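The same chain A turns up in both complexes below, where it pairs with chain B and then with chain C.
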Partner chain A sequence: MSVTIETPSRPRTRKQANWEKYGWLFMRVSGPLLIVLIFTHLVVNLVLGDGIKAIDFAFVAGKWADPFWQVWDLAMLWLALIHGTNGMRTIVNDYAGQVKVRRALTTTLWAVCALLILLGTLVIFTFDPCPAGASAELLASFCPAQ
Partner chain B sequence: MAIKPAGTLYRGKVGMWSWVLHRISGVGIFFFLLVHVLDTALVRVSPEAYNIVIESYKTPVVGLAELGLVGAILFHGLNGLRVIAIDFWSKGTKYQSVMFWVVIAVTVIAVAGFTPMHLARVFGH
Partner chain C sequence: MAELSVPTIESFTVTLIVRRFDPENDTEPKWEDFDVEMYGTDRVLDALHKIKWEQDGSLTFRRSCAHGVCGSDAMRINGRNRLACKTLIKDLDISKPIYVEPIKGLPVEKDLIVDMTPFYKAYLEINPFLVATDKPNKERLQSPEDRARYDDTTKCILCAACTSSCPVFWTDGQYFGPAAIVNAHRFIFDSRDENAELRLDILNDKEGVWRCRTTFNCTEACPRGIEVTKAIAEVKQAILRGRA
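Here is the complex of A and B:
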């Protein structure tokens, strides 16, 4: 029944930072934060009020006109994408046997992660809740065009 | 090689299945997240573009899929807390099986409570 674990052929040296350990720790720190961020996101967007029925441009404008929800969604964006990408990396490491395949998949994952974080961050901070020239009936009630 | 693997402390038990479910739910949530960041980014294109795409979230098929998404998020989050408890709480391994069933129970109850409310909105007018 006992399992013999071979001695690693190349023992870990303490010369460089242990990135796997930091990754492991990040998952356990970001996890509980994401529970608070995402569970609240689900309650506010899908449970309260009219739930999914109420979600449109004006709904998003109403939230992002408030810096509180801008920061909330920004934290959710960064933490969820890094947490998700690191989880996918773990799965790739488990199943991709060839080094080339593993590197290609891992590089793709982090590239997509960086791109979406950049896109999302720009969207949150350059968002105009009352864009000029938009038809008034699509805008939130606080817009001057209304 | 036709030896049937004997049960072990891990294989075929709660520890293995919670791990399998954690992976599957995690991958599912990850791909939804990619789509969700992109669809939300449409608010920067125009109100019309965003509204057209977000309408698809209110259709019956996607509406039903959202129940699965909410269930996956609840399970993944709560089971993640269980993983943290196993790692950091001295009694974590002792109660890991009980904690798994608590995670399942809370997930099922929460989804059961959310389902009628959500479906009334999706199928109502």
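Here is the complex of A and C:
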């Protein structure tokens, strides 16, 4: 007696492509990077030199006059916001059962993230501590008198 | 004639507080406590038997082999997923009541019995069988090293202790769950199997391995000591590499 066994492999209807793999990879890469970026940021700002007393408008202006710190802060801004938003998205996926609620929350998250990234990037690159044409009492003390 | 002295075996009384649900009469589960006289060699399963046989015959739970092999009696004992047949009562804190609940994340049918269908469905989805196109006349040979590669995950008894301890699975039943991934791992890393790519593709799903948050609940819950979280991590790595 012979028994015919059909090929057991069931063809799987492929679900829509997803970015979860890249999301996971991004979290793994940005996490360690952020540890370095943030702790260096904290040490440079709060510990080295005059320490916490050195922080004022002039200190920030001085840092952003240097392209190195511009890029540093830019990397911190982008990585932290995307890392954080993706983490929030994961939590939303866990706890928002209804598709509509889930979609609304996720869309809001990414919209806020994009807005903050946009504004932050704009500030880092267009920051001018002594804007021309500003009234004298608003200008910082180190600005050349106009 | 000398009197025959029979040493008495020490016994103790423990209170079991069991989460009960009768779908015909209850709208929601309730706790019920039972006092049972137990010995040092008794397990939680023996206590449940004693309750069912001597106190309340309506107490419902699954068990088959009663020796830690069939995987029928996974339940939440004192807040941890364990097999009732492998948990000695004397190893728990018997000065306090012992809480026994059904495993979480799967619909309760009655008392300690849950509907395992979603669990098995996820298991079936990963094609839990050897796929090989060759038709050998003898058994397929494998080196001890190749066999050792997936040895840990062959130990799974599908008791669902891991999957029902996973916080991601609790809130999102769509997640494949640790048990399905462990059983995929068992074939993905089997040198005789030819379908690793399909399984990796299946687990690259939105609800696949990437949902794992590495909380290690599954590793802690596994009554067989499988390093579940490690197995999931290996599957993640294999997906990133694109092969086993």
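The criterion applied here is as follows: the second predicted complex is superposed on the first by the 108 of 146 C-alpha atoms of A that agree within 3 Å, B and C clash if a C-alpha of one lies under 4 Å from a C-alpha of the other, contacts with A are read in each partner's own complex, and residues count from 1 in each chain.
By our rule, a contact is a pair of C-beta atoms (placed from the backbone, for glycine too) under 8 Å apart; a residue touches a chain by one contact, two chains touch by 3 or more.
In this text, all values refer to a predicted model and were calculated from it rather than measured experimentally.
Peer 1: With the two structures laid over each other on chain A, which partner does A:21 touch: chain B (first), chain C (second), both, or neither?
Peer 2: second
Peer 1: Have a look at where A:100 lands relative to chain B and chain C in the superposition and call it first, second, both or neither.
Peer 2: After superposing on A, A:100 lies clear of both chain B and chain C.
Peer 1: Tell me the contact category for A:126 with respect to chain B and chain C: first, second, both or neither.
Peer 2: It touches chain B, and chain C stays clear.
Peer 1: Applying the touch criterion given at the start, work out whether A:38 contacts chain B, chain C, both or neither, answering first, second, both or neither.
Peer 2: A:38 contacts chain B only, not chain C.
Peer 1: Using the superposition described at the top, determine whether chain B or chain C touches more residues of chain A.
Peer 2: After superposition, B is the partner touching more of chain A.
Peer 1: Can you list the residues of chain A that touch chain B in one structure and chain C in the other?
Peer 2: In the superposed arrangement, which is not itself an observed complex, chain A uses no residue for both chain B and chain C.
Peer 1: Note which residues of chain A are touching chain B in the complex, please.
Peer 2: Residue list for chain A touching chain B: 1, 28, 31-32, 34-35, 38-39, 42, 46-47, 50-53, 55-58, 60-61, 64, 77, 80-81, 84-85, 87-88, 91, 112, 116, 119-120, 122-123, 126-127, 131, 134-135, 138-139.
Peer 1: Would you pull the chain C residues touching chain A in the complex into a rising list?
Peer 2: It is residues 125, 127, 129, 131, 167-168, 171-172, 195, 198, 201-202, 204-206, 208, 210-211, 213, 236, 239-240 of chain C that touch chain A.
Peer 1: Using the touch definition up top, name the residues of chain A that touch chain C in the complex.
Peer 2: Chain A residues touching chain C: 8-10, 12, 14-16, 18, 20-21, 23-25, 90, 93-95.
Peer 1: Which bits of chain B are touching chain A when the two form their complex?
Peer 2: 8, 23, 26-27, 29-30, 33-34, 37-38, 40-41, 43-44, 46-48, 50-51, 54, 57-58, 63, 66, 70, 73, 77-78, 80-81, 83-84, 87-88, 114, 117-118, 121-122
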